[in-house]
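Okay, here's the structure, questions in a sec.
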Amino acid sequence: MGLISRLSPAALRIIALLAVLAIVVIFFAVQIEGYLNGRLFNRISSSVAIMALIATGQTLVILTRNIDLSVGSMVGFAAFATGSIITNNPDLNPLLLVLYAAVVGTAFGMVNGALVAYARVPSIIVTLATMALYRSFLVEYSDAKSITTSGLPAWLTDFPNMPVFSIGAMEFRAGFTASLAVVIIVHLCLTRLRPARALFAVGSNPEAAEMAGIDAKRVVFAAFALSGLMAGLAGFMFLARFGTITVVAGLGFELKSVASSVVGGVNIFGGSGSVIGAFLGAILVDLLETSLVRWAVVSEFWREAVLGALILAAVATDTILSRRLTRLRATKKGDAK
Amino acid sequence: MNPVLALRAVSKNFGMTAALTDMTLELFPGEVHAIVGENGAGKSTMIKIMTGIHQPSAGTVEVDGAPVVLSGSKAARLRGVAAIYQEPMVFPDLDVTENIFISATSGLLLNRPAMRRRARELIARIGMTLDVDRIASGLSLAEQQAVEIARALSQDVRVLIMDEPTASLSAHEASELRRIARALAADGVSVVYISHRLEEVFELANRVSVIRDGKHISTKGIADTNPQTLIAEMVGREVGNYFTKMPSTATSETLISVQGLSVDGVFENISFDIKRGEVLAMAGLIGARRTDVALALFGMLKTSAGQVTYKGQPLQITSSRQAIDAGIAYVSEDRRKMGLAMALPIRWNITLATLQKYLSPMGLINTGAEVATAWDYKKKLNIRTPNTDIAVGLLSGGNQQKVMLAKWLNMAPDLLIVDEPTRGIDVGAKAEVHALIRAFTAAGGTALVISSDLPEVLALGDRILVMREGRQMAIINHEDASQESIMALATGQKDAA
Amino acid sequence: DTIKLEPGKETNMVLLPKFLGILVFDQANEGAQEAHKELGNPGKLEFTGPTPENSTAGQIEIMTTAGTQKQGAVMLSNNAGDQIVPAAEAAQAAGTKVVTWDSPIPGGKGESVFVAQVDFGSIGTVMADMALNILGGKGKMAVLSATPDASNQNAWIESMKTALAADPKYKDIELVDVVYGDDQAEVSYNRALALVDKYPDLGLIMSPTTVGIQASAKAMQDEGLCDKVKVSGLGLPSEMASYTMNGCAPEFALWDFRDLGYLTYFTSYGLATGQLKGEIGETFTAGRMGDYTIEADPGREGAKRILMGPFTVYNKDNVEAAAK
Amino acid sequence: MSRLFSWEGFLFACLIVIFTFNAVAAPDFLSISNQINLFQLSIEKIILALVMTFVIINAEIDLSVGSMMGLSACTFGYLHQMGMPAALVILICLCIGVAGGLFNGWFTARLGLPSLVVTLATLIGFRGLARVMLEDRGIGGFPDWFAALGQKGLIGPIPFALISFVVLFFVLYILLERSGFGRKTYVIGSNRDVADFAGIDTARHKIIIFTMSGAAAAFAGLLYAARVGAVRGDVASGFELDVITIVLLGGVSIFGGKGSLVGTLLSILIVLNLRNGMALLSITGHIQTGVIGLLLIASVVIPRTKLATPSFLKPEVTP
């Protein structure tokens, strides 16, 4: 049990989450024939690639004790704007296109950040409003036209499914690999870089952060800008994966990303959590959703009810489990003295 | 020699309140400059102007003789001005190490092992032991204070301001801290030291400034003044000697008797009884677990063994409601976390624990009676506020303390447990609080006072219970107690009798 | 005898789609605007609707306001089910005609007449026939619909079930599941794949919604499943052309929304200006589209409809031309 | 005097401006029927907003109200169709609301999960239960007296919904601003530990408030069923965000401990009048939503005092 005392609470949280994930997988493997195979991995990994990015951005914001409800609208707008650029200029350099999506997202994120950090409007108010506003921009900008796959170059639509490498039947496709890379990079930055700690400090105690010489405003601004950036990248991925973009693109992503983060153990009151956790949370939510469709026991109409119950159960289990582990760790440490 | 930091005719208004008026102060390298004044005199406000948290309404701040605008604490930090604030400012989700180095700026990559090593050194330098991997949310107030001090020490500072750093430290740590302050001054740092403990001021400071009502009253070399003069300057009148022990008002009837009280892994086998009208003082170092004993008596901590006999009946308390119904009150040491709802009006806070008394049968609040009570306490406890409807968080620390006391006194409890009753309270108010506790026991009330301030323990306690690391060392009668004997028990130099 | 609508009469009208920002509704608006000019109505034609996330409440609100504003007619593509009835009845009582198009009021209350794009009964047969065709007479099929609340989709699925049961030639086609993709690309895409995983021998995904069919086709194409699982249903040629050409979606159907808007406008204009009574048997000329008759709606008891019909089945031969 | 410069004062001024503008710009605005419509159309959200004020002042949030409303409405439709007498069904629906509220409250207050998470899960779960009952059907044909309650005037032109709103507002106003219960709501929202130490059973209080919210949502669901005369699985989906918008615009702090029902009422009136005015000027859809969004932001950019941003302590359960 020496291990437990050496692990940080954050690591314990991840372990609890992995345990919950394992339980879910085992349960469905028993229930559904031919469940546990490479294809399951491919399904979940491809579909979680987009939400992983959004949840990463959401996590950065939640860490600072804020929330970003406008992510869905930002994804929708970025996807559409990117799609219409490439449709009109099919020869555009791929990197420029990604950059464009990133810039669009970041710009929106910066508006959120400026209003929250510098105009001191609570984030829930700002992003509730910009959620509506950005979607309105999309409706206005799109003029009821859709982006269709036929207008997109092949490299773009092929990108998400391009296999990068594979382990057995498990394919690591470009979309998933790219977003996994982003998650890992952000994780490393968060845990290793000195300036990134300010994010935790501001979320943990904003007043104290201000007094400790941290420019809390800039930190919050940056978190929102990064969330916008992530939404922009997710918009790009959304476009590449689905090809057809209408005004409803990304609708409902805000709550789903919040759910992913909190299921992943990010403290909704700020200050603690990890993007790896949020990533696992996104996987868990996606896994539940997909598996429930395949589970013969629940009919189409029961699925939502069961999903709600399972999310709650997952969060409760995870919370209780990590509380237990933390306590266990505390006593072990005490004994060691 | 030039002052490293100076305030020139600085004023600060908060709306209608003038917290500082025409304040001028010079700080020189290598001096320990004490600042004293009543609660609400404007000391903390002045500090916050020096560190860029507040902007002056008028006047200028000078660094090295040149006027500067300190736009935020970062700007101040860059000029070498750092502070330890009155209310500890820790990050509950981060561990001790990260808390200490949160405002460090050097290096892009974090070097955890080096940080932990250095954190341990810094903590040791204050004379404390603290697991540097612990998450700060579990730290006691004193430990939080230690973290803050370590944070300040971790930086290169030219001016170090300490706003009541010893308020929640016990004698041992406090003396370590004073040693550090002297050492820093010897290195040429200008140390500003705010304290309500005058003996500290005289032991430590080279110069002392008095502030009253936001105005500068005097700045003198420490040799040119004495405690009586200082107090007179602070409060504008003479104050009686409040450290004289008043005769005991204990009766022969036992109010509460505690036998073998334990909480697994926290404290064990605590046994004492208190007579009606008596004051039992609890002394000990930080982490002696006195607060936990109080929490257990108040039903906020589950006990694992032991009995409590209260008014002759066995009593099992599992919630604060039960304790309150039984006539037990607990004045917490942590005002912000457990004491006061800072954003709510003073009046609401005062009647909070006794709300039942102000309700009509329909459950509606009798506002008239409530206002009357609030004003009553405002006068009785001399709470400095224009009215009782403003947020209690806007009051100075000492006045907040009085509001908290008012909340529990209003309950007219049989047993009043007071944890650090005069933390951060000025001399005048301290005397008033002591008088209040005395009046309370003289009127038949019973008190359990937890204090880290040894003179206070001696001034109040009819008997003194000394704790050390969760164990009860001894109960000594006042006549047999001295600062030295208590310290010896608390530090374990002398074993339990 | 056929009524020729007299142009130039003033009446204000509102074209109310399910929500804004969807191509087919804009096409309907173009048709209505064309008719508006053609009839020389000096009044105003407004195209206004709710946002996607607020569709039901928004439609009710706009319907209620239309009554207050004394609009001549509201042309409604209903997304609120029977919940719109009180508002529609109130509007009718205030003198505002309510004409539905694309999606009717299920119970038929509160509407003057429904301009049906096609016969709802025959959509079922067409979908069943496409399934028969694609599956080669035998196989498993699943339906991927919009939301469980979309009354037109529900009616079509129902009519397909009826058609499948009615004729023995469909006896080897098995409808295994109905799932909902909420008319969102992402949800539909994932549902389509989940269907394939759930039924390893699935042969066809039938999606009676333009979003669902497109997302399903893309999903099958992305996962290289087009050889095994085909996609069909109702789709826009411009969105579906490539999938039809590469064999993922060999056949699908749709009608012309521009015509639908045009016809709806003529009907509403006639009713609002009192030239049509809205009674069964009335026949009128709808400009370039020719003559139409108000008849009883076979699918909804007591309700009236005007049948536009027919629709086009798209395949390799005609899809590219239509996509232009 | 201080009221005049308060948040409520500001909202009131906004309201006057909007009202005057509407009256001048939209000729039908001042008609009695329009004024009643204006309330009637949003009555459910209004009722939810009144109770949500309690929830948010108590430093919690209830995202499940829209779904609970849907669940209640669908249960009504389902059981009505099964042939149960309407009066009994109404009672059952209200009980479901209470049960759902207790459920949210228990997980939040006793188990210590953040309410945002709990009610996010029940937002999905309650909606799912509504779906289970009605699947893809819509149900209408409610008894005449029930439909009349929702659609016709009860006293003259004034409908039942409006009357119940007025009654509810006064009851809740007294409860929040004058009673001990309301006082505790503020204190717990401001600092839960302080309330715990003062002998308040904070968990119980929170559970009661969630229960109120659940019951109000169930009641609103019934009003909705009566008003629109038909129900289906998506009733009131997305209402939670509108309701929260109204409450926050009314000056209730998302961190708890601060706000008033008068603020919520003014905010309701502002949103209603703004929406109605725009609708009468044929401004709908996303532009309308956009304007409300801008208003929401603008309303808070107006500087506030420092302590208005409340204690930064987080509501944590004592272990």
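Order of writing sets the chain letters: A, B, C and D. Residues in each chain are counted from 1.
Note that contacts are C-beta pairs under 8 Å (C-beta built on N, C-alpha and C of every residue); 3 or more make two chains touch, one makes a residue touch a chain.
The structure presented is a predicted model; accordingly, all values stated were derived computationally and were not measured.
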**Report entry** Chains in simultaneous contact with chain A and chain B
**Finding:** D
Requested in this report: With chain centres defined as mean CA positions, report which chain is farthest from chain A.
Outcome: B
Query - Gap in Å, rounded to a whole number, between the CA centres of chain C and chain B - result: 73
**Report entry** Where chain C and chain D are represented by their mean Cα positions, the distance between them in whole Å
**Finding:** 35
Report summary line: For the pair chain B and chain D, the C-alpha centroid-to-centroid distance in angstrom is 43
**Report entry** Set of chain C residues in contact with two or more other chains
**Finding:** 20-21, 51, 53, 148
Report summary line: Where chain B touches two or more other chains at once, the residues are 92
Query raised in the report: Which parts of chain A, given as residue numbers and ranges, touch two or more other chains?
Result: 132, 135-136, 139, 205, 207, 270, 301
Query - Touching chain combinations (by label order) - result: A-B, A-C, A-D, B-D, C-D
**Report entry** Complex contacts: residues of chain D adjacent to chain B
**Finding:** 174, 178-181, 183-184, 186-187, 190-191, 193-201, 257-258, 307-308, 310-311, 313-314, 316, 318
Query raised in the report: Considering the complex alone, what residue numbers of chain C touch chain A?
Result: 20-23, 25-26, 51-53, 148, 177-180, 183-186, 189-191, 193-195, 197-198, 200, 211, 214-215, 218, 222-223, 238-239, 241-242, 323
**Report entry** Residue numbers on chain D that touch chain A, as the complex places them
**Finding:** 63, 107, 111-114, 116-118, 120-129, 131-132, 135, 241, 244-245, 248-249, 253-255, 285-287, 289-290, 292-294, 296-297, 300-301, 303-304, 309, 312, 314-315
Report summary line: In their shared complex, chain C is touched by residues of chain D numbered 28, 31, 33-34, 37, 41, 131, 135-136, 138, 140, 147, 150-151, 227-235, 238-239, 275-276, 279-280, 282, 284-286, 289
Query raised in the report: Given the complex with chain B, which residues does chain A contribute to the contact?
Result: 8-9, 191-195, 197-198, 200-201, 203-205, 207-215, 267, 270-272, 331, 333-334
